[in-house]
Amino acid sequence: MNRMELETLLREFQQGNRELAEVMARLEGWPAQDLGVARVDHARAARQGFPEVIFGASKTTGQIITIARALLERSPNLLITRTSAEVYAELSALVPEAVYHEAARAITVRRDATEQGKGVIVTVCAGTSDIPVSEEAALTCEVMGNRVERLTDVGVAGLHRLLAARSVLQQARVIICVAGMEGALPSVVGGLVGVPVIAVPTSVGYGAAFGGLAALLGMLNSCSSNVSVVNIDNGFGAGYVASLINRL
Amino acid sequence: MNRMELETLLREFQQGNRELAEVMARLEGWPAQDLGVARVDHARAARQGFPEVIFGASKTTGQIITIARALLERSPNLLITRTSAEVYAELSALVPEAVYHEAARAITVRRDATEQGKGVIVTVCAGTSDIPVSEEAALTCEVMGNRVERLTDVGVAGLHRLLAARSVLQQARVIICVAGMEGALPSVVGGLVGVPVIAVPTSVGYGAAFGGLAALLGMLNSCSSNVSVVNIDNGFGAGYVASLINRL
Amino acid sequence: MNRMELETLLREFQQGNRELAEVMARLEGWPAQDLGVARVDHARAARQGFPEVIFGASKTTGQIITIARALLERSPNLLITRTSAEVYAELSALVPEAVYHEAARAITVRRDATEQGKGVIVTVCAGTSDIPVSEEAALTCEVMGNRVERLTDVGVAGLHRLLAARSVLQQARVIICVAGMEGALPSVVGGLVGVPVIAVPTSVGYGAAFGGLAALLGMLNSCSSNVSVVNIDNGFGAGYVASLINRL
Amino acid sequence: MNRMELETLLREFQQGNRELAEVMARLEGWPAQDLGVARVDHARAARQGFPEVIFGASKTTGQIITIARALLERSPNLLITRTSAEVYAELSALVPEAVYHEAARAITVRRDATEQGKGVIVTVCAGTSDIPVSEEAALTCEVMGNRVERLTDVGVAGLHRLLAARSVLQQARVIICVAGMEGALPSVVGGLVGVPVIAVPTSVGYGAAFGGLAALLGMLNSCSSNVSVVNIDNGFGAGYVASLINRL
Amino acid sequence: MNRMELETLLREFQQGNRELAEVMARLEGWPAQDLGVARVDHARAARQGFPEVIFGASKTTGQIITIARALLERSPNLLITRTSAEVYAELSALVPEAVYHEAARAITVRRDATEQGKGVIVTVCAGTSDIPVSEEAALTCEVMGNRVERLTDVGVAGLHRLLAARSVLQQARVIICVAGMEGALPSVVGGLVGVPVIAVPTSVGYGAAFGGLAALLGMLNSCSSNVSVVNIDNGFGAGYVASLINRL
Amino acid sequence: MNRMELETLLREFQQGNRELAEVMARLEGWPAQDLGVARVDHARAARQGFPEVIFGASKTTGQIITIARALLERSPNLLITRTSAEVYAELSALVPEAVYHEAARAITVRRDATEQGKGVIVTVCAGTSDIPVSEEAALTCEVMGNRVERLTDVGVAGLHRLLAARSVLQQARVIICVAGMEGALPSVVGGLVGVPVIAVPTSVGYGAAFGGLAALLGMLNSCSSNVSVVNIDNGFGAGYVASLINRL
Amino acid sequence: MNRMELETLLREFQQGNRELAEVMARLEGWPAQDLGVARVDHARAARQGFPEVIFGASKTTGQIITIARALLERSPNLLITRTSAEVYAELSALVPEAVYHEAARAITVRRDATEQGKGVIVTVCAGTSDIPVSEEAALTCEVMGNRVERLTDVGVAGLHRLLAARSVLQQARVIICVAGMEGALPSVVGGLVGVPVIAVPTSVGYGAAFGGLAALLGMLNSCSSNVSVVNIDNGFGAGYVASLINRL
Amino acid sequence: MNRMELETLLREFQQGNRELAEVMARLEGWPAQDLGVARVDHARAARQGFPEVIFGASKTTGQIITIARALLERSPNLLITRTSAEVYAELSALVPEAVYHEAARAITVRRDATEQGKGVIVTVCAGTSDIPVSEEAALTCEVMGNRVERLTDVGVAGLHRLLAARSVLQQARVIICVAGMEGALPSVVGGLVGVPVIAVPTSVGYGAAFGGLAALLGMLNSCSSNVSVVNIDNGFGAGYVASLINRL
C-alpha cells in the first residue's frame, strides 16, 4: 500500500465506504504474504526496485522451490544465491527459463532483460580463488539489468596486470572489487579511478587471513576515499548496491 | 599529466622537440609536489574529481598550514578534518574564506560553490553523540558541491521518530546513515528506501561496544541489501562516496 | 532438605532422636542423586520451580535415557534439547507421552499441563533460519506451563511486517526476540513495547557474523533499555527466564 | 498518540472535523519534541512506562540541563546517569528536589514516590569496586518506584558471605547481580533462587579481564538457566529491566 | 649426562684418559635419541622426574608405536594421550601391560606402581561433558604414582552438590578443577580450601563459550588467589603439575 | 566458625544451652565483618592459611586504611598491592612496622616472620621492565613466610645468562617465572627443572603484544608440562600459589 | 617489457617505425598471459628472479595442470604447494621430471639445478607435527637453487637438543625457524646466531593456540632482534624470502 | 667466552693450571655484566654483530644513562630508541658525540662510521604519520653501518608517486616498507622488486585499524612472496634485520 493507496483508502473511509475497523487494520501494516516458513515481502519491489532474493544456504530444496514460485508469480526475474545443481534440477522442471551458474553457485531467472543501468559495472577480482564471489556479484548486476565487464586475476603483487587494464576500469560507472588475503586491491583500484568502488573481502587465504578478517580490515582502512565495503564473501550485496548506483 | 598531455608529449618527442631522457623521466610517473613532510598529489583532482583532503589528526599546525597553502594554490575548495580552533585561527589569517565547524571539528574553504550533485544527500544519525561524525559527512558532501538534508536523533528504539521523517528519506538520492552502539539504524533505513545507503559506525557506546566494533559488525551483517560500510567514525569517507554517487 | 525439614531435623536431634554424626552429615549438603555419569539435582524443582533439563548435545543416547528415567520418576514433565529422532525412538518406547519436535530438535514430556504463567509469552524471530532456536524457546515456555504466541520472519529490513503484528506484541507479558546477522530486532521490538524483552542471538549469518558474535554484540549494545540477553543460540535459556517472569 | 487518540482522530475526520492533510501528517509519526540537540520522546512514558533517562557521559552540562528541563515539564521523575557534581550544582539551582548520588555518579529527581513494584528487588555485588555500577542499578529501581535491598561484597571466593545472606536473596522477586573479574557470581546466585537474575558484568579487573570481557563471557555462559545479561557496566539497563519485571 | 657424570668426564680428561675433541663434543649437548620423526629426550626423566609422554593427536599409529617402544626400553611407565582403540590394539600386542582408558582416550603402561605422591590429589569436574579432560588429568596423576579421588558433576549452579563433598576437598593436598562454559568452579573450590588449585578450562559449551575461551578467561581472572591455570582441555598438563606438587 | 566450633555449638544446643533460633542463624553463614565498603573475611586465615590481601588499585586511601586496621587487629601480617607512597605515608603513622616497596608498589607489615615454607622459591624475570610484577611476587612470598631468590634480566634471547644461573634454578622448590613480550621464558625454564613453574605474563611490550595477550597465550601453550599460568601482571597470585606449594 | 625494451620501442617510434596508438597501448601495461582462470605473469622471473609458484589448495586438478604447462614452457623449474598425489599422478604423465614430496604435500620440477645461493640455509623445526611446514620451506629453498640443512624436533622444552646442534646453526647464512604452540623457538635460535631468522608460526597446538595465533604473536614479539615473521603455516613464503637473502 | 677461549680454558685445566671448580663454574655460563637493573650482554657483539640497543620506553633517565655508559665502555656505537630530549640533555653532557633525532625519538652515538653493508637499504613509507617508525628503521641501519635511501609518502592510493620512484626501489639490496591503515604498500612494493622486503605495520589509523592490527594482518597475508614482517611500530627490528641481510 503506497501513499496513493493510503489516500484513496482514507477518502473512501471519509465517504463512508470503509469501516473504521478495516481502516485501522490496514494502517497497522503493509502486505506481506505468509508462506509458513517465510513472510514474502512483495512490496519490496515497489520500495526498493527489486524483489526479494533467495539466500539458498540454509534452506531445504522444498523451501526454496516454495518461495521461488511465490516470487515468480508476481515478478519476472529471480536470483537464488548459495544454491546447488540439485535445486536447479528441481526448479528448472517448473521454470524452464532458469539458468544455473556453476562458478557462482547461483540460479537466475531473467524473463525481463530490459537494461536498467545507465553505464557499465566493472567487477575486478584479485585471484582465481575469488571468482565464485566475483561471479555472484556480476550475476546480481546482470539479473538487475546492468551491463557488466569482468577483470580477473589482477592482484596487486603483479601491478602491471592491473595497469594494463586501466582503460577498462576507466569506463566503469561503478566498480566492484573482490579480494581475499590482504585485501589491498580496492585501495589501488580506488586510487586509479574517480567513481565509487564497492569492496568485497573474501574468505580466501590461510593462517592469519582468519576467514576473511584480514581482507575486511584492510578494505575498511583503505586510504582511497571512494571505497565502501560489504560483508565477507557477500558478492550479492555488492552487486545489489552497484546496481542501485548504476540506475541513478 | 593526463592522457591528452601524454599524447602531446609523445608527438613533440616524435617531432624531435623533446629529448629521450626527458620523455622517459616523465613516463616514469605523474606529478606529485614534494613538500618534505608530504608528497601532494595535484593530479588527484583530475583522476578523482576532488583535490586531496587534509586529515588533521596527526599533523602539527605548521604542517597543516603548509599543505593547505599548497593545495589552495591550485584548487578553489579545501576540507580539513579532525582539526581544531587553533589551526583555524592561524589559517583564517591567511585564508579569510575559511570557515570553522565546531560540531564536526572541521575547516572548509569553499570558493567555488557550483552544485555538482544531481539530487539531495540525506544524513541520518541515531543519537546526539553521533553528531560529530554525521556533521563531518554532511560538510564533506557540501564542500564537494551537494545539497544535504540532516536527520538527527532518530534511533531505532523510538521508531516513530524515524517513520515521521520518512518523506525526507524518500527524496534522497543517496543516504548516509551514522550510528554507534548496536548500529541497527542502516538496516531499518535501508529497508525503507530504494537508494544506496552508506553506513558509518561510530565509536559511541560503552562496554561491549568495543570502540565501534559492535556497530561495525552490525552494519556489515545488515539484512538490508542496499547498505555498504566505511570505517568507524569515518564521516569523511561516507561523504566522499556519497558525493561521487550523487554526481553520476 | 528445605528450611522446614532442617528445623525438624534439629528438633529431633535436640530431643535425642538423631545422632550428632548424622546431623553433621546432613548439614554438609543437600540431596543429589549420583547416577555415575551425572549427579541429578532433584532439589532444583523446590529451589527453582522446574526440574533439571537434559542438554542432549554432548551425551550418548544411553546417558540421556538413564537421566531421563531418573528425572521422570519424580517429576511429571521433562525437556530434552539438542537431541535427535534416534533418542526419541528409544525414549518413546519407555515413555509413550514423549513428543519429538523436529524444528527445535527437542523432546518434551508433558504429563502435567497446568498453566503456570499469568499471561502470554510472544516469541519473535527475524528470519526463517532462526526458527530452530525460536522453537526451542517456545517449547521451553510451553513445557513450563505458559501460553505462547509465535511471530516468524519479521526482520527489520521489512519493517511493515513487524509493525503489522504490533497488536500481537502489545498483548505480551514477556517477549523473546531471536535474531542472527546484525541482531537488530530486539532494539526495534524493545522500542515498541513496555515489557521485558529477552534477546537471543543466533549463529545465523556468514562472513563477519562470526558465528553469532555480531548479533550478540548488537543485542548487548541495544539502545532499548528493556532488553537483556542470553547466550548465542540459547533458546532454552530465554524460554526459562521468560517462564520465570511470567509466573510472577 | 495512543490507540484511543488514533481512534478519536479518525472518527473526527470521518465526521468532517479534520482535514485529510492533517490526518495524514499525524499518521506519519508520533510526537517527538525536537530540541535541536535531541528529539525528546515524550511518548515513551505511554509506551514503556518510564520517561527517557539522560545518559550524561557524552553530553555537555548545557545539553543535560536543556533536556532535563524539557523532560521535567511533563514527567515527575528523572534519572541522569554517568554525570557529575558540576551538573548537579547547576541543576539543583533550578530543580531543588534533585539529589546527587556520588557512588553511582547519578542525579535523581523523585517528585512522585508511588511504589510501582510488587515485591523487593535485591542488588548483589561481588566486590567493593563494583559498587558504582551496582548503585546505578539500585537507584534506577528506586526512581522507577521499587523497594531495593542491597548486598555488597559477597564474591564467590568467600562463599559463606553469600550463603549467610541467603534469606535476603530468597525474599527477592528479581535479583540484579553485579560482578567483574571472572563474573561467576550470577551462576552461584542463580542456583540458589527461583527468580530471574539480571547479570551485569563490570569492567573491574586487570590483565585478561579485558575491560569486562571475561565477566561478560562468563555470565553469557552461565550454567544457571535463570540468568540473562546486559552490557558491561550497564547498571541502568539492569535496573530498568528489573523494574519492568517487578511491575508485572 | 648429569653433574656427577660431567665431573667424572672432566677428571678423566684431566688424567689424560679422554681426548679434547671428545670432551668438547660431550659439552655441546646432552643425549637425545634421534628416531627420524622425533628426537627422544631420555634425559627428561633425570631432569624432570618423568619420561616423555606421547601426545597422540597428530601422529600416525606407526609413529606412536615407534616412539612408545623406544621409551619403554628405558622407562617402566608410559602415557599416551589423545589416542584411540586402534593404536591400543596394535600396542597391546607388543606390550601386554598396556591399558586403554576410553573416557580419557588414553593408553597407560604402569609396570612400576610405586607411590610417589605424599598425599591425595582430588580431581573435581563441573559437568558430565568435562569427564574426558578430567579423566586425562586423573590418569596422568595415577601413572605418575599418585592416589586420586574423583568428584564429578558438581557445577556451581547446584552448589549443595559441591558443599556436600567438602570433606573430600579438604583432604586433598592438591586439587585439579575442570570446567567448561563459564569456568566458575575453580573460584568457588579455591575459596573453600587452602591448597593449590590447578584449573583446566574445557572447550565444553556453545555460542559465546568460543571453544573454551570464556572458561579460560574466567579462570585467569579468578578472585581466589590459590588458582593457576593450564591450557584449554589440557588435562595432562594439570595432572603433571599436580603430580610434581604432590611429590614435594 | 570451624568444624570444632560447629560441633561445640551443636552439643551446647543438644544440652539445651542454645536456642533453636540462634543455632539456625549461625548455621546460615560464617563470620564476615561488615565494614560498609567491604565484608572482611576473617575466617580466610583459618581456611586458607593467610588473611585477606588489600588490592589497592581501585580503593581510596581512606578505604585502604579502614580495611588495613580491621585486618591488623586479628592478623600479624599484611600485604597491600598496587598502592602508593601516599597511602604508605598515612598508614605508617598508624602502623610503624609498615614498609613501602617502591619497585613493587606494595606495602608490607610483617610482625610475624616465622618461616613457613620448606624450601626456596626462585623468582625469574625476563627483562628490566618486568621487575615490578616480579617484585610483587617475591614480596608476597616473603610476607607469607618464604625464603626467596631473585633472578633478573635473564630473557631467552641471551640464553647464556639463564644457563649461567642454572644452579640457582636447581635449588628451587617452586619457581615463579615472569615475562612480557613473547613470554617464552617459562618454557625454557620449565625444561631445565623438575619442579612446578608458575608463569606470570606481563603487559610489557608494544604493538602485537596487545597488553600481555601474546605472553599469556605463549605461556598457556608452553611445551613444558610443568608450567601453570596466572593472570597478566598478577605477581601477587603467583606468589600466593607458590607459597601454598612451598608449605606442603 | 623491461627498461631496455622500452628504450628500443621509443627509439623506433621516434624513427617513425611505430604508430602512436601502438606505443600508447604498450605503455599502458606489461605482458601477462591470460589463461582464462589465471593471468600468468611471465615477467615475474625477470622482476623477481623466480617464476610464479602454484598454490594448489583452492584449484582443481585441471586448473593446476593448465597453469603448470604454461609456466613450464618458459621456465625450467616449478613448485606446486598444498597439492596431492592425485595431481602428481596426472602431472607426471606429462612431465616425467616431476617429483612428489609427501611430507610437504608438494610437487617440484627441477630441470635446472644450478646452485644460486651463496651459503647454506638451515631449517629448524620445533616438533614432529611442524614437519609439513618445515619441509615446504626446505623444498622451496632447494627448487630455488639452495643447499639446505634440516634440524628437526629441537623444541625449547629440551634445550640441550638445540644446543647440541649449535654448530649446524652457526654455519647458516639464513635460518628458517618453524614452530607451533607458544612459538618460542625463533627467540632462542635468534639469540644464538648473528644471521637473519625467518620465523614461521604453525597451526600446531590445541586450545588457546587458536590455530597458530599464539605462535604468531609470540614470534612477532620476539626479544631477538634478528627475527622477522611470515604467515601461519607459510613454509613457502619463508623459503622464498630465505632464498632471496641467500642469493645476495 | 667463545670457542677458542673454551679450548684454551680446557687445555689449561688439562695442564693443571686451572682448578676443577673454576672450570665447572665457567662452563655453567658465559659472561654477562650485572648492573642491578640489567644484565648487560657484552657477548652479543661477538655473537650477533652489534651490541645491545637500549629500548628507552619503560626505563628512567637514570637507568638509561647507567646502561649507556656500560655499553659505551666496550663498544663505539650506541642506539637508544623510544627516548626523549630530556635523556639526550643528560647523556650529551657525558657523551658529546651523541645525536638526538627528533622525528625518530632516538639517540645515536656513532664513533665508528665504517661502512659494513654491501649495498643500499631503501626505506619506503606510506604516509606522513608513518615517518617516526620509518626514521627509527633508517637510523638503526645507519648506526649499524649502512647507506640508506628514504622514500616518503608514497602510499598506494596515489600509485604514480610510487611508480615514479621505481628506480630508487630497484637499486636497493633490501627494502624496509612502513605503512599503517590497510598496510597494502609492502604487497605493491614487493611485486615491483626482486629483493627481500621487511614490512613494518604502524599503529597509524583510526577505527577498525585497531592500533595497527589491520596493517599487521594485511602484511602477513601479503600476496607478494618476498615480504616478511616485524612487530607493529618496530622500526628498530626492521632496521636490524635489514642490516644483517645487507652485510651478507
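To keep things simple, chains are lettered A, B, C, D, E, F, G and H as they appear, and every chain counts its residues starting from 1.
As a convention for this text, a residue touches a chain if its C-beta (ideal position, glycine included) is under 8 Å from a C-beta of that chain, and two chains touch if they have at least 3 such contacts.
In this text the structure is predicted, and so the values were computed from the model without any measurement.
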Considering F-H alongside C-F, which chain pair is linked by more C-beta pairs in contact?
F-H
Report the chain pair from D-F, C-D or F-G that duplicates the A-B interface, where duplication means over half of the contact pairs agree by residue number.
C-D
Any idea how many Å lie between the Cα centroids of subunit B and subunit C?
49
If you average the Cα atoms of subunit B and of subunit E to get two centres, how far apart are those centres in Å?
59
Between the Cα centroids of subunit E and subunit F the separation in whole angstrom comes to 25
Can you list the subunit F residues in contact with two or more other chains?
158, 191-192, 207-209, 213, 216, 220-221, 225, 231-232
Going by the touch rule stated at the top, which chains touch which?
A-B, A-C, A-D, A-G, A-H, B-C, B-D, B-G, B-H, C-D, C-E, C-F, D-E, D-F, E-F, E-G, E-H, F-G, F-H, G-H
Which of the residues in subunit A end up touching subunit D in this complex?
6-7, 10-11, 13-14, 16, 20, 23-24, 27
Give every residue of subunit D touching subunit B within the complex, in rising order.
28-30, 32, 37-39, 41, 43-44, 57-59, 63, 201, 203, 211-213, 216, 231-234
Can you list the residues on subunit E that touch subunit C in the complex?
128-129, 131, 152-154, 158, 160-161, 163-167, 204, 206-209
Touching subunit A in the complex, subunit B uses residues 47-49, 53, 118-119, 173-174, 191-196, 198, 216, 220-221, 225-232, 236-238, 240-241, 244-246, 248
Spell out the part of subunit C that touches subunit B in their complex, as residue ranges.
126-127, 155-159, 181-184, 187-188, 190-192, 205, 207-210, 213-215, 217-225
